[in-house]
Amino acid sequence: MRHEPEFADDLSALRTHAFSYRSLTWWGIIAFMVIEGAFFALAMAAYFFLMAQEQEWAPRPWSPPDLLAGTLFTAVMLLSEVPNTMIKRAANAYDVAAVRKLLPVMSAIGLLLVIIRGFEFNSLNVFWYDNAYGSIIWALLFLHTTHIVTDWGDTLVLWQLMKTPHGEDPRRLVDTDENALYWRFVWLTWLPIYVLIYWVPRLFR
Amino acid sequence: MESLQHGPRQRRADRSRIPPPYPQDQGTDLGVKSWGPEQWKIGGGTVWGWLSYDPVLKLVYYGTSNPGPWNAEQRPGDNKWTAGVFARDVSTGQARWYYHSTPHDLFDHDDINETILVDWPGPNGQRIPAMLRPSRNGYFYVQDRRNGRILSADAYSFINAYKGVDLKTGRLIPAPEKEPKEGRVVRNICPGPPGAKDWNPSAFSPVTGLIYIPHLNICMDMGAKNANYIPGTPFVGADVKMYAGPGGNRGVFTAWDPVARRKVFEIKEDLPLWSPALATAGGLVFYGTMDGWFKAIDARSGKLLWQFKTGSGIIGQPISYRAPTGDSTSPCRRASAAGPERSSRPISTNAIRPPRSASSTQ
Amino acid sequence: MSLRFRNSTALLALAAALWGCNREERQTRGKPLGETATAAMPDTVYPGTGNAPAPDPRAAQYEGNASAIAQGQMLYNQMNCVGCHFHGGGGMGVALMDGKWRYGGRIDQIVASIDQGRPNGMPAWRHRLTEQQMWQLAAYVRTLSGQERKDAVSARADEVSNTPPQTQTKREPLMPADSDEQ
Amino acid sequence: MRREGLLALLCLSGCSGAQTAFGGQGAEDANFIQLFTVFMIVCTVMYLLVSAALIVAVWRRRRTAMVVEDCNHQATSGVVRPALIGWTALIAIGLTALTLVGFFTDRSNARNGSHPQLKLTVTANQWWWDVEYDWADVSKSVRTANEIHLPVGIPVEVTLKSNDVIHSFWIPNLAGKQDLIPGRRTDAQLLPRKTGLYRGQCAEFCGTQHAQMALDVTVESKADFEKWYGAQLQTAPVPKTPLQLAGYRYITTRECASCHNISGTSAGGQVAPDLTHFASRRSIAAGTLPMNTGNIYGWVADPQSQKPGNHMPTIGLKADDLHGIVAYLETLK
Amino acid sequence: MKSAAERAKLPPADVPRDGPNLTGEELETKLSTTWSNPPGFVGWLSSVDHKDIGRRYVITALVFLALAGVLAIAMRLQLARPDNDLIGAARYNEIFTMHGTTMMFLFAVPVMQGMQIYLTPLMIGTRSNAFPRLNAFSYWMYLAGGLLLWIAFVLNVGPDVGWFAYPPLSGPQFGVGKRVDIWAQMITFTEVAALAAAVSLTATILKQKAPGMSLARMPIFVWATLVTSLMVIFSMPSVALASGMLLSDRLVGTHFYNPAERGDALLWQHLFWFFGHPEVYIIFLPATGFVSEIVATFSRRSIVMYPIVVMSLVATGILAFGLWVHHMFATGLPRIGYSFYTAASMSVSIPTGLQIFCWIATLWEGRPQLKVPLLYVIGFIFTFVIGGLTGVMIAAVPLDLQLHDTYFIVAHFHYVLIGGAVFPLLGAITYWFPKATGRLMSETLGKIAFWMIFLGFQLAFFPMHIAGIYGMPRRVYTYPAGMGLELPNMLSTLGSLVVSTAVLLFVVNLVISARSGRRAAPNPWGAPSLEWATSCPPPPYNFPHIPLVSSRTPLWDAGEKLPVVHGLRVEDRELVLTTVMSAEPDVREPSPEPSPWPLIGTVATTAMFVCSIFSPWAVLVGVVPVALALTAWFWPKSPRLSGSL
């Protein structure tokens, strides 16, 4: 039997975009965060598993990674939360001009972080093919580097997008808000990795 | 060690009448019983390095080399008469006593180092005929050369491969966590295969009563694996990576007081010291380094008096003799390393075995 | 699907098939049954600037073949080559990771060196190894100086790490066989 | 529940197999059969309950059904909720009981293997087993390949290690399997209760010839074991006839000596099975072929056709070398 | 129709919207022009319609099922007689690896996700999946992974180390050549595809339920989809990390699995089985969703104790992550740990036991109609319970030490996978075939196929229990005579031939019915859920008006007139977002149009992945085209109101 429609209520008055958990792409971003979070959690579990196999962590004669580049990276990353929060607030307040001003700042910070990351890679004092310790240290840093580079790429694309008339569309502000949220996730995952790469090899010498 | 096709010439089952000093070495046919079946035939333990002779006791003292292969798992048991010291009667060749310094050797620690015969100040003033030996396993043995009993055995270099020498039983106390297992590398084993001091002899100075020991400070990662026995090929079965020990220097020149059993002074050298030492009556001590410096230092303080750059690394024995000019201070000549200069690794004409450079692995 | 599209995919599959199938081929038996043990090995060392003899037909079978190189790696450890040549760095034996080959760096020349032995301590392996094993060993030895294709080589062995991964060893230029320089 | 009853029920063809988990000749395997019986009973009861409920639910004819045609498809009769509670309780109790029974069986297995009087070390290689008997007096240790002799009634501890990939040491008639993992040391406990000839096999996929990596296990009386062990301690007999001498000369100087070891001769290879007492074994090449002259000829002439992909090369022997080798190998009792 | 630019500037009042004044034929023509694919082959490639993607997923998966089935027959023929030499050792190892890998990664998970992608929007009353382009990308990546594996197999470079590839056998020294690299890279493809589909399905279920369809009113199949998608999101990264580390071990010489440099071979087993066990539940839970839907429809009543069934689904999903070590009972880990995992493995069978109770109670309370889908459900219960009980048996350590890696385990997992997932799948295909094609499958052919599959299956796989107890290890290309294995293996081979002819019969039934089956009314089975409210096959926009839901069985309670909401734009793709818990209408979300960029993105990613097997630099070089393709994918086209995802 073919059902005849019985019209209940009219939805034409509903809005066409929304921030935070009311937006569809927000749930998409959260799902990707859960996936990458699971990835990092398992990589850290592998780190502790391999640590248990080794008699001494940062096995002699390999000395632990130098602190300078890593700590500088962490500092710049934490500082980047300031412009990041400003962008998030601007996006929520539909302040397109402020967003257009701040995005280049975030892109520049992203570039700076990628450069510092380059120095980090050769301050590890071990190669990935030296031993299991070197392999997992390089793996953790490489995983987070893909994380940083992808989000930096997103910020660059968003910056170019906001410069075009598409920037007026409120949905692009929802995208900016969610990109800022994802940036927060990027440096949240960096903190435990920073401890694992730079400090744990010093404690068990 | 190179394995020989028809088994080691040196060893044969001994029927020494006088029991060896410690229970671990007493028993019949230990040379066969302390090995797996037939393994004693391909077990190495030959003789090289330094011999000493005591005319009074008419005894010859010499050390035996490490058991083969390096992979200790392949040869269970104490692997008797390897890595130990024999005292034999010079006329009949019968063994008077034997001391097993490194039973079931794990790290190629032959015990062929020089044995210096001295008269040791005994407890109530009388003189004990003793022998001093800075062994490759890192312990400075002082033994009574009549019967091989240990008077003292202290580490003269950084050691974590062993826990010490039990003076009652004379047995070396192993460190289980440093025992290499097949298939899994064990890291940071000090001393490395060349030992705390390789074959280059130390020098005793009756003037200062100290022993001047030019030795190494090398540690290693060692991975054992199943070694295949093919006559004419190295029978090793171990992957070894050597590197500098604690302090980053690979060589140390130590002045050791055997009576006080402590280190008087030490000179840290970057490269491992494979050159023997020479102590002269004039209060000078000479030694050479791997990068060709021939150094003279003050016997008491260890201060560097002068040094002279030679053409190649020095592993030859510096000697001194009285020149015909009757001069009081005896000039000294040293035999630098002769032989072709090959990829910066000096091969001395009289070296039995080319030393391994720091980076190559076995 | 248009005719042209179907033809092009068929062609593509054929080309891909030729590329694929021999590089992973496991030839388990080196020599057909009944042939005499080891045919006399042509002496491929030639003095001065003489032209090199024609390459041995078996070379194509072993060069760049992943299973031959893997067998060669196992034999390199088992036959105690490591004892003298270490992992290519050389010790008592000559270094194998540089491009200097006094007796020739081609695969058949290396097989000749293994088969006949060489002065200064290289034992002759004739009758101690089968011909197939010698060819496999030679195939592996060539990877130590990066001569083989990178996709046929295994990055590391299940042993203590001693050299950078073999997939990244630079291809050493082969010095002419008669160069006097050490 | 008599074990024979269950055996009769379950084994379709002859079940006195040399390699079957229902052999029951080992202590752990006997425990396995009892535990398996308990699990079978409980599971069969549960299965019958479910099947009965399903069959009745589908084929019962009755008037009042709570269906959409009668517009009360939401209603459920009163019996459903208590039935669910009963069913859940039944499952929970059943599972707890099974877990406890399993736990106690595990403890009894551990007790059986707690005081081993015989120690073995089995090293797995790609596609053969290296067996060593370890004693306090190391000179009395014996090394053999692809076969194990055990005295009946003596608890045995087998230390397991591997030279290449992961294998699994499994003799179903005696005990469960344990993996041999490179870089690790695992151990297995055996307590044979009945004498007999059994067969074990590698149970973890280990490469091309995983299927032909078996080992022959002989459980015999203590006296027979001592006799066998004494024979294994001897070195290889000296060849007598000229044919055997030719074979001896070939083996100890040519390709064979690079891999195989024959104690008492200069052939000392450690990377292939020990041949000192080759002819005394029940099979060739890890259970691939039964031991007889024809098979020795077939194997030595062309091992790649019997076990393609294994590491023993086909040498392409000349006829008289082959005769000599086989003649000498047959003297290695 | 105005161009997109002008429409963007129109005042909201006079934008055409569906409603009482725009309904029926006129609305349907406008909506179909908005929601249908662009014309031609390029249009076919750039389709983002969940029905197209779902159909492609299921058809591709069934093709891989057939290919792997042929390999299964080859294996059975080789094992029919002892010491058989039909297939050599090396070739047999390749065949069983390809059979296992294809069945687990290229058939089981994708076919379930394909059905979920097809059915979820229809069952929750929306017009498309949440991220349609991501969905299209997911299918293309899955197809690329499958082609990579099978082209390699044809070129004699197929993997030969088992579908689980334990190092060191799969490591750089013993996994010779490129075989294992191709296997590991295929894992990366299928894992990206599964994760993309899972993200899209989760967002669809949480945000796009029809107004009124609160979580308590969702169909059970949609619950199963939600739980499975969350399990995919949490478990797939484990195998991705493990295969990534294996690839880096093999290509750039890291030491994760090299015990000599303090790596460990068991690290792989932990990571693989942490994914492995949830994966078999990712395959099983959607099947329970099918069973719940079929049992409700053919018992003519709603599922008994809906909350119990839903809680069982969620409990199974959570418990599945806690018992992976029961695959490693023989690796010599400490025994105390094993007893914990025995208890966990036993406890996971409780929720499944409850679900089976509820299904039987529903049949008990209702009036079952013995149509083909219900036959498959009954076959499922009879078969799966045997598999579940053997699972309980091997959860006990002493039993598992004898039965692990023998044919007893092969019998167990075929009972739970074929019995537990393929039977309900065949029932579901028969059940939803009319919705997808508009024609009914033939009942007689269906019944014959069912009985042949059911009996053939028992004949094929029950003797494997006996073979396992008689000491036949897994993955052996032959076995010696005289061990009592001849009879069980011969029976299994005969059984496998019966099953394969039955599957052939099922496919014939599919093909014939698609062309000349009886025409189907919108709701041929009188089912309660929303997908039967629209026509068969459903139009591109699924529902002319988004339905308003007020109970768990909307069509049974709606009587003649189905309450709907209206007011969505007609000339732009638009659907309604509702709140997560109570599904009140919240936002009118523009849905992205079809685009070729997901396919182009897949081609770029494939090039990067495949070339990275041969040189690690390909990863750095290959990233550029991938980044460009993704940028073009997200770049909004016309200045419309619609978003880009």
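Order of writing sets the chain letters: A, B, C, D and E. Residues in each chain are counted from 1.
One rule holds in what follows: a contact is a pair of C-beta atoms (placed from the backbone, for glycine too) under 8 Å apart; a residue touches a chain by one contact, two chains touch by 3 or more.
As the structure is a prediction and not an experimental result, all values here were calculated from the model.
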Query: Can you list every chain in contact with both chain C and chain E?
result: A, B, D
Query: Counting C-beta pairs in contact, does D-E beat A-B or the other way around?
result: D-E
Task: Taking each chain's centre as the mean of its C-alpha atoms, give the chain farthest from chain B.
output: E
- request: Between chain B and chain D, tell me the centre distance in angstrom, where each centre is the average of that chain's C-alpha atoms.
  value: 49
Query: In whole angstrom, how far does the Cα centroid of chain A sit from the Cα centroid of chain E?
result: 30
- prompt: Using the average of all C-alpha atoms in each chain as its centre, how far is it in Å between chain B and chain C?
  reply: 42
Message: Between chain A and chain D, what distance separates the C-alpha centroids? Give it in angstrom.
response: 51
Message: Using the touch definition from the top, which residues of chain B touch two or more other chains?
response: 183-185, 187, 221, 223, 225, 227-228, 230, 239
Task: Can you tell me which residues of chain E touch two or more of the remaining chains?
output: 90, 168, 173-174, 249, 252-253, 255, 258-262, 264
Message: Residues touching two or more other chains, restricted to chain A: which are they?
response: 54, 59, 129-131
Field: Pairwise chain contacts under the document criterion
entry: A-B, A-C, A-E, B-C, B-D, B-E, C-D, C-E, D-E
Message: Considering only the defined contacts, which chain A positions touch chain B in the complex?
response: 54-56, 59-61, 131
Field: chain A-facing residues of chain B, complex
entry: 177, 185-188, 219, 221, 243-244
Message: List the residues on chain E that touch chain A in their complex, please.
response: 12, 17, 19-20, 23, 130-131, 134, 195, 198-199, 202-203, 206-208, 233-234, 236-238, 240-241, 245, 248-249, 252-256, 258, 261-264, 267, 270-271, 274, 522-523, 533, 544-546, 548, 555, 558, 560-568, 576-577, 579-580, 585-590, 627, 631, 634-636, 639, 641, 643-645
Query: In their complex, what parts of chain D are in touch with chain B?
result: 123, 134, 137-143, 161-163, 182-185, 233, 235, 257-259, 261, 263-264, 266, 268-271
Message: Show me the residue ranges of chain A that touch chain E in the complex, using the header's touch definition.
response: 1-18, 21-25, 27-28, 31-32, 34-36, 38-39, 42-43, 46, 49-50, 53-54, 59, 128-136, 138-139, 153, 157, 161, 165-166, 169, 171-172, 174-175
